[in-house]
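My questions all concern the structure below.
By written order: A, B, C, D and E. Residues from 1 in each chain.
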Amino acid sequence: MEKMVPVPSRGIIPERDVNSSPILEVSHLGITFGGLVAVDDFNIVIGKTEIAGLIGPNGAGKTTVFNLLTKVYQQTKGAILLDGLDTKGMNTVQVNQTGIARTFQNIRLFSSLSVEDNVKIGLHNQYKYDTLSGILRLPNYWKAEKQSKEKARELLSIFNMEHMAKYKAGSLPYGAQRRLEIVRALATNPKLLLLDEPAAGMNPRETEELMENIRKIRDTFQIAVLLIEHDMSLVMGICEGIAVLNYGKIIAKGTPEEIQSNPEVIEAYLGKQKED
Amino acid sequence: GGTATTTTTAAGGETTTAAPDESTDGSTDGGAAIKIGGIGPLTGAAAVYGNAVYNGSKIALEEINALGDLQFELNFQDDEHDGEKAVNAYNTLKDWGMQILNGTVTTTPANSVTPEAFADRIFTLTPSASSPTVVEGKDNVFQLCFSDLNQGIAAAQYIADNKLGEKIAIIYNNADAYSTGIYEKFVSEAEAKGLEIVSTTTFTDETNDFTVQLTEAQNNGADLLFLPIYYQPASLVLSQAQAMSYETKVFGVDGMDGILTLENFDTTLAEGVMLLTPFVADATDERTVSFVEKYKEQFDEVPNQFAADGYDVMYALYEAAKKAGVTADMSAEEINDKLIEVFTSDDFSFDGLTGSGMTWSDTGEVSKEPKGMVIENGAYVGM
Amino acid sequence: MKKVKKLRKSTRSSLITYGLVILFFVIVQVMMITGNLSSSLRGQLVPIAAYIVMAVSLNLTVGILGELSLGHAGFMSIGAFAGVIVSTSLENQIANAPLRLAVSMLVGGILAAVVGVIVGVPALRLRGDYLAIVTLAFGEIIKNVINILYVGYDSSGLSLSLKSANALGLEEGGKVVLNGPMGAVGISRISTVTAGFVLIIVTLFIVLNLMHSRSGRAIMAVRDNRIAAESVGISITKYKLMAFVISAALAGLAGSLYALNFSTVVAKKFDFNTSILVLVFVVLGGIGNIRGSIIAAAVLTVLPELLRQFNDYRMLLYAIILILVMIATNNEKIKNLINRVTLMLDLKTKNDPKKGGAA
Amino acid sequence: MDFIAYLISGISLGSVYAIIALGYTMVYGIAKMLNFAHGDVIMIGGYVSFVATANLDLPPAVSIMIAVAVCTTLGIVIEKLAYKPLRAAPSLAVLITAIGVSYFLQNAALLIWSSNPKSYTSLFKFEPLKLLDGELTIASVTIVTVITGVIVMTTLSLIINKTKIGKAMRAVSEDKDAAQLMGIGVNKTITITFAIGSGLAAIAGVLLASAYPILTPTMGAMPGIKAFTAAVFGGIGSIPGAMLGGILLGVIEILGRAYISTQLSDAIVFSVLIIVLLVKPTGLLGKKISEKV
Amino acid sequence: MLKVNDINVYYGSIHAVKGISFDVNKGEIVTLIGANGAGKSTILNSVAGLLKTRTGSIEFEGQSILGTAPHLIVSKGLAMCPEGRRIFLQMSVEENLEMGGYTRKNQEAEQSLINVYDRFPRLKERRKQQAGTLSGGEQQMLAIGRALMSRPSLLMLDEPSMGLAPILVDQIFAIIKELNESGTTILLVEQNARMALSVADRGYVLETGRIVSSASASVLLNDDAVRKAYLGG
C-alpha cells in the first residue's frame, strides 16, 4: 500500500499528494426530497490520486452524494469544485467531460450492445469524428475507429475481459457486468472515478482481485477514486481515507484504522466487530 | 360485400359470369365474353359506395347476359378508397385482360386510375366519381353521374329559381373532394344568382358533433341549410338539429340519397329535406321497380343511387357496345375507339335508372336532368 | 471467399442486405426486359421502394433510437407534397425528368428534415407513449392543414391560399398544384423503379453506416440506458434529434418518390393508418433489423394484392395472417428453429452471442 | 349563452371520449399495451346492442347486458388467442397484433353487418334536461354518459388501489416474474383486466352510438384514437386522468371549432395536446415516474 | 423436501446448468456457493418455475413441480427472494409487503406485516414511500421482508446480503437462523460464502454449471480448495 501522508490542515480525508491541489472540493452540499433531508452539510476534499471511501448505513445518502456530484440531481445547497472548477449549472454530460465518471449501484449497461461497443461508447468523447464522416466513411472515420477499438481492447485487458469483447453485455454474469461498468467509466478518461458498490455480488476472491485492479487503475491512470462499499475488507483494504455518512450527515472521517475504532461508526454501521 | 348469386373464381379475381347455372368460365353460347373491370371500395370506411355499385352492376350483368346478344364478364376489385390500391386493382384487371373499365367509384382513386386508362386506351365509364378532374383532358373517360360542377351549379339555380331560401348556410366536408367540389361551384353560382351565404362551416370524416356548425347557421339567421355531403353525416346533422330544436329547410345533393334506406333511420328527421338526386328507389316505373325488387332479394337491402349508377354503367356500356358492334375478340384499344365514337355521337342517348335521354359531351361529362325531390312522409316526392 | 469470411460480422451482414436489394433489382429488370413482369407487380415496384425506405427510416427511430413514432407518414406527406410542388413548378425549367425528380426529392427530404427539427426539438423531451402521441398528433395536424391548403403556380411563381382554388387568383394558363382535399391532381409521373432502387441503396448506406459509427453507437446507448449514456458524456437530446431528423428526411425522400409515381396524391393517404402500416413493417421485420424491415415492407405490400382472389375475405385473411405471423415470429420454438437454420447457413457466427442490431 | 351551449356539447362529446379512455387506460396500465383494437370492440358493442334492440326488440337494459356479455367474452377470447402467446414478446409486437385484431374485427363486422351503415336509436329516451326556459338542453345521453363516467372512474380507482386483485394487477404490470413469485396468477390477472376493459368498451359502444347514432364497421377507429389521445393527455395509466383528459379533449374540440375555425378543428385539438404535453410531459394527472439512480 | 435431479438449463444456446442434482431436507439450511456465473441463480429460478429446464426432474414434498406455473409453486409453500430485489418500484413499501402475503388470509398477512416491521423498523418508517425511491439497501430489506410475508415452508434466498451494511448483514443472517429454527427450510445462495457456510448445515460448490463438491458446511469451511477459491484471505 502507498505510504500515508499526514492530513493537511484543510483536508478532512488524508491526502497522498500534499503538493498539488485537490481534485474535488465539496462544501456544504445538501439536497432534500420532499420533506426528507437526504444529504446535509456534506463536506469532503479528495486528492488528485487518492482512493477514498464513502460508507454508511443503508439509506444514509451515499448514492445521493454520487448523484449530486454527477448532476443527476441538482444540489439545493452547497458547492462542488472539480479540479478547482465550480460545477454549478453543469449537467451530467458536462460534468463527465470535465472529469467525473461513475458506475451505478444498479448496473446500467447498454445491455443489448456488445462489450466492446459499451467501451467504445465510453470513448465517445475521446476519439471523435462527425456524423457525416461516419456515414461517408471518410479517412478520419477509419482512423478513429481503429484507435478506439485498440483502446477498448486495452482497457478491457485491465480486467482480462478481451475475450468477451463480442459478447452481449446483458448476458454477462453479474460480476463481469460490474467490471465492464468500471471499464466503461474509465474510458471517458476521468480525473475522478466514482464507484458505487463495485464489489456487490462478488465473492471474496473476486473482491480481492477487484481491489488489486482498483489500485492498478489509480496507479496507471493517476486518477482519484471515490468508492461506496459495504464490504469492509475492500474498504479497509484499499481506501486511504474514509468518510462515514449517517442520515445524510458526515459522522466521521479518517484513516481506516480510525474509522474502524470509532464507536459511533461501530454503533451505526459496523455492528459488533467479529474476528475473522 | 353482399353475396353474389353467381360467382366463379377465376385466377385473377372475382368474376361474375354470364350464365349462372351452366358455365363457370364466362364464355356462353354467344362466344367469349367482353371483359369488364370494376374498381371501387369494397372494404374500409367507404365500402358502402363500392359495394352498392358492385351489386347494382351484378344485377345488370345478369340481365344483360340473359338477353343473349352480347356477353359480359365482370371482375370487380377492391380499392379501399385509396389511389395506390386503385392503381393496383387496375393493374390486376389489366393482367386479367380487361377490355372496358367500370370505375372507379370514388373520386380520389379515379384521379389515380383514369390517367392510366387514358394512357392504356382502355375505355372508362365511371359510375359515380364526380369530380371534373376525373374526365378532364381524357378523351376516353366518361362519367355517368353528374359532375360536381353541375351539381353545385344546379343546386344553386334550383334554390334561386324556386325561391327556396335567401339566406343560406352551408356545412361541407373539407376533407372530402366531392363535398368541397360541390361547395365551391355552389358558392360561385349562388353569388351570381343573388343568394346570400350567411354561414359556411366545415367538418371532416372524423366529426361526430355538429353543434357548432348548426348553432352558427342558426345564429346567422339562415333560412336554408345546404348540405353537399353524404347521407351518413347528414343523418347526424339532422338528428342534432332536431335535438337543438333548430328547424330549417335542408337542401342536399345526390350523396344524400340513401338516407331513407338507412336501416332503422327515423325518417321523420328527414321530413321536408330537399335534394337533387337522379335516382329514387320508390319510383314506380317498371325498370326501377324490377331493379329494386331484384336488389332487395339478392342483397337484402334497398338500393341507393350508387347501386343504380352501377346498374346504369353496365347498360350504357351494353348499348353503346351493341351500337358500335363491339365483340369480345377485339382489343381494348379497338373497343375504346369505337365506344368513344358512340358515346360522343349525336345520336347516342341512353335511358337508365338515373335519368333518361342521357348524352355525353366530348369532355366526358354526362348531361341529364337532375330531379328535385322532397321527402314527405318518409318518401321522395318530385318537386 | 476467404476475404468475405474475414470481414467483420456487421460488415458482412450489411453486404448481404445490399446484395439482396441489388439481386431483387436485377431480377426485376430482367423480368421487365423479357416481358415476364405482370402489370400488377410492375405497378407496385415504386410504392414498394417507397415503403421500404419508410420502414428502414422508421426503424431508425423505433429500433435504433428506441422511441415509438406514430406519425411517420406525416413526414412522408411533407416530402410528397413538397416534391409535387417542386416538380410541377420546375416542369419548364428542368426538362430532364430524372434530374427534376432528384431535385424534387431533395427538396422534399430537406423540408421533411426541417419539420423534423421543429417537431423533434420539443417532442423529444418527452418519452415513450407521450412522444408517440405527439408524433401522432403531428401527423393529424399535417393532414388537416394540407387538406385545406391550395397552392397554385403561374408565371409569377407560387401562390398559396387556405380558402379555395379560386382564391389563388391564378393567371390564364396557371396551374392549381394542390387543390385542398382533392389533393394534387394531374401530377406528371416521373418516379421510376431505378430511382426507387437508388433511393433504397442511399437509405441503406446512410442508415447502416450511421449504425456502425460513433453517432450510431451513441444513439443506441441512449436507447439502452439514458442515464448511463449521460454519465459517459453523451448528449441525449443531440443524438435523439439526430436520429429523428435523419429518419424524417428519409421519409420525406420516400414521400416525394411515392407521390411522383401517381397522377394524384391526397393528404388522407398519409394518415394514422399509413403510419401504423409502416410500423407494422418495422415490427414484423424485427425491431432494429434493417434487412427485416426491407423484406417485411415488400412482402406486406404485395400480400393484399396476392389475396385478391379471396374476394370478400381478403382483408379478413390479411388480418389473420398478420396476427399469426406476429405470434409465430415471437414464438420461442419457432425462433429457435429460425436461429438454428441461420446458424447452419452461417456457421461462423455460431458462438457469437452479440445480438447486434445489425442488418 | 352560446358559450355554455358549446361547453355542454363539449362535455357531451368529451364524456364519450372519457368512457372509452377509461377502458384504454385500464388495459394500458395493467397489461402495458396500447390496445388499438379497443375502438373496434366498442364498435362491436354498438352493433350487438343494435341487434338486440332494433332486430330482436329487447328492452334497453337487456340489450346493454347482452352487449357487455358479448364484448367481455370477446375480450377474453382475443386475449387468449392473440395476446397471450406474446406475453414474453416486446410490447411493440403486441401493439401490432392489436392492430391485426382491429383489422380483423372491422372486416368481420363488414361481413356480418354489411357496409351499409345503420341508424342507431338512443337507448336513453327520457326527456332531456332543459335549463333556463329551454334555452339550454342537456341531452339525456349526455347525462347518462357523465354519470356513468364518474361511476366507472370511481369504481376502477377503488378496484386498482384498494382491492387485492387490483394491487395484483399493478404488481403484474410492473414485473410479471416477481408477481408470480408472490403467488399471483399472471394470466388470470391479465384476463380479468381484459374482461373489465372489454365490458367497459361495450358500455362505451352503447353510449357512443346513442350520442352519435350511426353504426359503421369503422366507427370505433377515430373515437379510439381520440380516446387514446385523451388518456395520454390526462396522464396515461391514471384513471382520473383519463376521465379529465377525455372531457377536456371534447371541450377543446368544440370550443376550438366554435371560436377559432371549423376547418382546422382537428389541428387545434392536437396542437393544444402538444402544448400541454410540453408543459406537463407526463400529462395532466400522470405520475412523474422518478427513476432512482 | 426438495429433490432436484439431473436438470439442464439453457439460455438460447448457452448451456448454463449442466446436469445438476441436489436435495434439501426438511429443517435444513443448504447453501449453494460458486463464482460469478456459476449458475446459482439459474438453479433457483428453475426451481421456482421461472425458467424451463430441458431435462431432469424437480420434486417438492414428493410431488413433481416441473412445469408447474410459478404462482402455483408459491402456493405450495415454496417461496423465493430473487436476485436483484425485483421489488415493485411504483408501489408503496406497504403494498409491496402486502403482495408478499398475497396467497395468505388477510389476518395472517397482517400479523406477518407487524413481524416484518418489527424486524426492519426502517421499512415501517417508510411504509408510504414509493419503493423505487428507497436506497439500495432499503430495497433489499424490502425484498427480504416481502419474501417473509408468505411464510413458506421452503424459502430460497438469492444473495440476500447484497448491498447491505455490515450491521444489517449480521442481522439478516440472524433472521435466517431464526426462521430456520422456527421450522422454515432454507436454500441459500450467497457470495458471502463464509457467512453462508457458518449458518448452513450443508453446502454445494458449483463451477460453471456443475456441482464439483458437496459436504457439510463445517467441512467446506475448512476445505483448502474452497477457502482459496471462495472464502478469500
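Here is the rule we use: a contact is a pair of C-beta atoms (placed from the backbone, for glycine too) under 8 Å apart; a residue touches a chain by one contact, two chains touch by 3 or more.
Since this is a predicted model, take the numbers as computed values, not measurements.
Peer 1: Among the remaining chains, which ones contact both subunit A and subunit B?
Peer 2: Output, common partners of subunit A and subunit B: C, D.
Peer 1: For subunit B and subunit D, what is the smallest step count along a path of chains that touch one another?
Peer 2: Minimal hop count between subunit B and subunit D: 1.
Peer 1: Tell me the fewest steps from subunit D to subunit E, where a step is a jump to a chain it touches.
Peer 2: So the least number of steps between the two chains is 1.
Peer 1: Measuring between mean CA coordinates, which chain is farthest from subunit A?
Peer 2: Between subunit A and the rest, the longest centre separation is with B.
Peer 1: What whole-number Å value describes the gap between the mean CA coordinates of subunit A and subunit C?
Peer 2: Measuring from centre to centre gives 44 Å for this pair.
Peer 1: Quick check: how many Å separate the C-alpha centres of subunit C and subunit D?
Peer 2: 31
Peer 1: Express in whole angstrom the distance between the two chain centres, defined as the mean CA positions of subunit A and subunit D.
Peer 2: That pair's centroid distance is 49 Å.
Peer 1: Send over the residues of subunit B in touch with two or more other chains.
Peer 2: Where subunit B meets two or more other chains at a single residue, that happens at 1, 42-43, 174, 204.
Peer 1: What parts of subunit D, by residue number, touch at least two of the other chains?
Peer 2: As it turns out, subunit D has residues touching two or more other chains at 107, 110, 263, 266, 291-293.
Peer 1: Considering subunit A alone, which of its residues make contact with at least two other chains?
Peer 2: Residues 63, 72, 104, 106, 171.
Peer 1: Going by the contact rule at the top, pick out the subunit E residues touching subunit A in the complex.
Peer 2: 11, 14, 33, 35-37, 83-84, 122, 133-138, 140-141, 159, 162-171, 191-194, 228-233
Peer 1: Under the stated contact criterion, what part of subunit B meets subunit C in this complex?
Peer 2: 1, 7, 9, 11-14, 42-43, 77-78, 82-85, 87-92, 94-95, 107-108, 111-112, 114-116, 131, 133, 136-137, 173-177, 179-181, 184, 188, 204
Peer 1: Give every residue of subunit A touching subunit C within the complex, in rising order.
Peer 2: Residues of subunit A touching subunit C: 70, 72, 91-93, 96-97, 101-102, 104, 108-114, 117, 120-122, 124-125, 127-129, 131, 134-137, 141, 144-145, 148, 166-168, 171, 184-185, 187-188.
Peer 1: Which stretch or stretches of subunit C touch subunit A in the complex?
Peer 2: 205-206, 209-210, 213-218, 220-221, 224-225, 227-235, 242, 352-357
Peer 1: Mind listing the subunit D positions that touch subunit B in their complex?
Peer 2: So the residues of subunit D in touch with subunit B come to 2, 5-6, 9, 12-13, 50, 54, 107, 110, 114-121, 128, 134, 137, 139, 211-214, 216-218, 222-223, 226, 253-254, 257-258, 262-263, 265-266.
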